[in-house]
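Chain IDs A, B, C and D follow the sequence of writing; residue 1 opens each chain.
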Amino acid sequence: MIVKGMVIIMADVLLDVQHLTHFFKINKNITIKAVDDISFQIRKGEIFGLVGESGSGKSTAARCIMNVYRPVSGKVIYKGINTCDPVEFRQNKKLLQTSRQFIFQDSTSSLNGRMKVEDIIAEPMQIHHVRPKRGTLRSEAEFQLYYVGLDKSYLDKYPYELSGGMRQRVAIARALSMEPELLVADEPIAALDVSIQAQIINLFKHLQKEHGFSILFIAHDLAVVKYLCDRVGVMYHGRLVEVAPTEELFENPKHPYTKALLSAIPVPDPRLERVKGAVN
Amino acid sequence: MRHKNIFLYYIQKFIVFVLSVLVLSVVVFYVSRLAPGDPLYSYYGDRVEKMSDSEREWAENQLGLNEPIHIQYIHWFANAIRGNFGISYKYKTDVIKIIGGRLPNTLILGGIGFVLIYVLALGLGILCTWYEDKWPDRLLCKIGTVTSCIPEFWLSIALIFLFSIKLKLLPSSGAYSIGNGENVIDRISHLTLPMTVVVVSHLWYYAYMIRNKLLEEVRTEYVLLAKSKGLSKKNILFKHCLRNIVPSYLSIMAISVPHILGGTYIVETVFSYPGIGTLSYESARYQDYNMLMALCILSGALVILCNIVVQIVNERIDPRMKKDEGLQVSEVIEIG
Amino acid sequence: MDERFVQVGIRPVTALPVQEKKQYKDKPIFSMTVFMVIAMGCLFCNFFITKDPAYMDLYNTNAAPGAEFYFGTDAMGRDIFSMIWYGGRISLFIGFFASVISTVAAIVFGVFSGLAPKWADDCLMRFTEIFLSIPSLLLVIMIQAILGKANVFSISFVIGITSWTSIAKVVRTEVKQIRDSEYVIAARCMGAGFFRIMWRHLTPNFISSIMFMVVMNIRAAMAAEATLSFMGMGLPLEVISWGSMLSLAERSLLSGAWWIILVPGVFLVMTLLCITDIGNYLRKSVNNRRSNL
Amino acid sequence: MKELLEIKNLSVSFNTLKGEIQAVRDVSLSLHEGEVLAIVGESGCGKSVLCKSIMKLLHDNAYIKSGSIIVDGVDITHYGRKDMERLRGRVFSMVFQDPMTSLNPTIPIGEQIAEAVRVHNPKMKKAEVYERVISMMDLVGIPDAEDRYKLYPYSFSGGMRQRSVMAIALASEPKILLADEPTTSLDVTIQAQILDLLKSLQKKLLTATILVSHDLGVVSRVADRVAVMYAGKIVELGTVEDIFYEPRHPYTWGLMRSLPSLAKKGQELYTIPGMPPTLINPPKGDAFACRNEYALAIDYEEMPPMFKISDTHYAATWLLDERAPKIAPPVGSIR
């Protein structure tokens, strides 16, 4: 989908999702169209937000993009490589697995509870036999940990000894250790408290500025998306109903669902809310 | 799963049952043919030793023992389906007749034991849950653990030693005194010790399972809601939690059939109680494979049947298993 | 101005260290001690047993416990005190070995079934159900008949091979759960191979949930060995184990030699009890939420 | 206005292996007839524990260390199980966070509501109970109530289940409704509907409500008064206008400033540094001091008392002491 008034130069596009569709078969009679023909592009150095409610297919889309699921149809083109094609995927396996990284919503289940923080962060380096720049894997892990704002005393801890925010930092450190160009973050802050959320949002912003990677940021909280993202796509029942630059979307929503979504968010302003309540 | 035709549903279950028994019989047949010993023995007994080579060959041909094993199986199966499981080497009569004579005894011991175990297990489970971590629960857990650790055979011997030999209160063997088969009181006195062993050695295992299931249930969130609407502890436990563990209770019952049956067999052997257990013990000792095969298939079929029945019951009573059915009632989001 | 009311901003505050109280109450200290004593006694029995356990002193059959024979002698005149420690080795060995066999079988089967496509998984599960449907005693008898005369290894094998199903079922469910968990997906996204996921992610996570069952399997195997030997289908009389010692029990009923029944029985039950207690502790430490009732 | 519920210096602790967790520390609060009081705070600040301790729904390792709970003039602090069973449902009732787990999956929705009706009206006739259940279902906005009576929870979506839970909670016409994060696990659009429902029911039935939430947006939508909790203590208490437009406690400032919805794009989002303290050995003095850039020396020494700002507005910070330097609040009173 090309938004009016915006010319996308192909060289700038990092990820190009074309007509991505994915079904889940529950049984003979019921199939759920989790993702239904969605197309969007992410440019280099851009934070692209994907919003929608639970069950709208945003997580499935992310997993299709990261090759966790093989989509029923459609293409995901990353740096000119069609990742949905098994042959092309195998040929570029190392590049795809190192330069794209995934961050999950629930840091309790995305970190193996039986591994120490050090091993968790070093795991991608071990898998791809990357020579650690800073000598040992441990010092590399220590550096990444420092980078996300934790000190080295956490290296020997297990995930359950950390709080939610710290765990999410560890997950980010793990993703960063591969110096990715695309970060897919699936609701990374949904499970965190307000004050910790702010810390993680800032962390994302800093890291993005410093490394210049692109982020596909999936969230259900529009306020976060509004603050963080450059462009936003809105998903509803598996379809991508609207894609627009953030300001445009929030000031002038086109699709009725986007409007409904925007008006449903409670704003921390009692007088405004009272007016809204009176209208309803 | 929703089946428009309830008849089709039962047919499906029946096919599963038949297939399972079929596979079971194949396994049992092959295993018994693998066993050492001449299969001719199971038909002719000691006479085999006196046979000449030609007689032997004739006999093998007659019985189809020269044919490949799958043909043999088909022959055997064709006979078995007509109720002819061959002749017992030890008793020199039809296997099925011998089993038929012993079955009621085992059913009485195992069946009553089974019912007793389950009634008591439920009671103990509820009691322990009610008093979780208080003294009744702790005491029961301690006693239960001890009883569940005593092997059946040892408990049997200890009880025989105490009640039959020292106190001379109860008989130590058999199902009834000779010539006294119709006397109910005599039968009961013979049943008491074996029944005690069967119940005591299995009871806690299941009571503990039910206790743990119930404890899991009282840790769920809906208990809090039930509590906050003012339901009493008794009501919550009996109307909510107990109802939700019924499916697992039934499943445990189904799984336990072979377990309790096996326990009954051991007890029967120690008490020389004329049931299926002593029979299988004897047939193993005397390498009576026809008998052993029939017993395996019979026990197996019984267990499979129980499993399927419980499955059917659970699918009918547990709404959680019918999730795909019906329409989802959800909010309407007004767009625009 | 009061100096206490000077703005100082954020100062590091060292939180008081949180010390976890060591809980001895719930730990099965007693059971572990008793078990260790029995196990050590069996292992190093050579140093303290008073008689040759296999020597049949035909002048002293069915001797009551006393100064010479601490636990008496059996119907063949063997010293029960020596036999207990000597035979305990075999019983414990069979318990452990059978448990190892069944655990390995269960893990292989469970992992395979958990990772296999649905149809293969269904088939395997049906197979286990059929396998489970024969009372294990009958199964053991049949397999033992195939293997011929029993020895320590064959009996461990038979017991092991008939008791893996329940662990396999747990492994399968765990593997299914872990397979879909986000950390495995994360590892797959990073490009971790099958064996790495298996070794680093799957195994450490399901081990804890089957530990309890493995311990319980030791207990079940020891009880099974004793039962089989008692019934005359396990170890022969010459191979001394707690089970084979008890196979003389029935005969001693009439002679009134209670020690032949009691002594090995008490040792057996004590050991089983200790193992159960340890196993229960392992289960409890996995789950410690609190009741809502 | 009459005070329905009064909590005086309540402290609730848990016994754990790691030591005593002081989940609620010296909290005083009152709830007036027909108002909505919101308790806001981060997870682990004790807001849920406070709620559950009122209804005595806590696990048996929790205990009331000191203080009292007075409902309708009756001290219920030391009530036993039987007494509480009498009060629950009729005097107060609760709505829980996750509607997916708080309904019994094997009992039809209608039956579960009927149960709640019957508990306190055991003599009611069957038809009457049925009538009442249907009217309750209508009230909470479950359409086609008569058809839905026999349905099991699995065929209800999250929002519909939460409506059912509310019907159960309100079935015996309680005077106090405690809602523990009632919309946290729901989608935004559904959340809006449930909040509107909560507000309208509250207007209709005049049930005094305590709403526990971590979401300041939700709070501003329904609450009349707000209590901000931090590390087991109430740090600021006031009307919704007081809290949102004239916050006085640095923690409230921090919370407001770290909301992305109030931040300007491109600007750095304000963050409260550090983490909340553990409640096992809570720090001496003000628990928030070590995260507070405005902290005074005394904050590290002594716990601040509740300072009265106006008749409705209280805050526990030494900044309000007359000896303290005057600091212009970084948020509030702009709009």
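As a convention for this text, a contact is a pair of C-beta atoms (placed from the backbone, for glycine too) under 8 Å apart; a residue touches a chain by one contact, two chains touch by 3 or more.
Note that the coordinates shown come from a computational prediction; the quantities given were computed from them, not determined experimentally.
**Student:** Touching both chain A and chain B, which chains are there?
**Tutor:** C, D
**Student:** Grab the C-alpha centre of each chain and report whichever is closest to the global C-alpha centre.
**Tutor:** Of all chains shown, the one whose C-alpha centroid lies nearest the global centroid is C.
**Student:** Counting only C-beta pairs in contact, which chains form the busiest pair?
**Tutor:** Max contact pairs: B-C.
**Student:** Rounded to a whole Å, what is the gap between the Cα centroids of chain B and chain D?
**Tutor:** 53
**Student:** CA centre of chain B versus CA centre of chain C: separation in Å?
**Tutor:** 24
**Student:** Rounded to a whole Å, what is the gap between the Cα centroids of chain A and chain D?
**Tutor:** Once rounded, the distance between the two centres reads 32 Å.
**Student:** With chain centres defined as C-alpha means, what is the inter-centre distance between chain C and chain D in Å?
**Tutor:** The separation of the two C-alpha centroids amounts to 49 Å.
**Student:** Among the residues of chain A, which are close enough to touch at least two other chains?
**Tutor:** 260
**Student:** Do you know which chain C residues sit against two or more other chains?
**Tutor:** 290-292
**Student:** Could you list the positions in chain D whose residues touch two or more of the other chains?
**Tutor:** Touching at least two other chains: 57, 189-190.
**Student:** Which residues of chain D touch chain A in the complex?
**Tutor:** Going by the criterion above, the answer is residues 42-43, 187-192, 195-196, 199, 214-221, 223, 240-241, 244, 254-256, 258-263, 265, 268-272, 275, 335.
**Student:** Of all residues in chain A, which touch chain C in the complex?
**Tutor:** 63, 66-68, 93-94, 97-98, 100-102, 104, 106, 109-115, 123-124, 127-128, 174, 178
**Student:** Considering the complex alone, what residue numbers of chain C touch chain A?
**Tutor:** Residues in contact with chain A: 181-183, 185-193, 196, 200-201, 204-205.
**Student:** Mind pulling up the chain A residues that touch chain D in the complex?
**Tutor:** Counting only chain A, the residues touching chain D are 53-54, 163, 165, 193-199, 201-202, 205, 220-224, 226-228, 246-247, 260-261, 263-273, 276-277, 280.
**Student:** Mind listing the chain B positions that touch chain C in their complex?
**Tutor:** Going by the criterion above, the answer is residues 20, 23-24, 27-28, 31-32, 34-36, 129, 132, 145-146, 148-154, 157-158, 160-161, 165, 215, 218-221, 223-224, 227, 233, 236-237, 241, 255, 258-259, 261-262, 265-266, 269-270, 280-281, 284-285, 287, 292, 295-296, 299-301, 303-304, 307.
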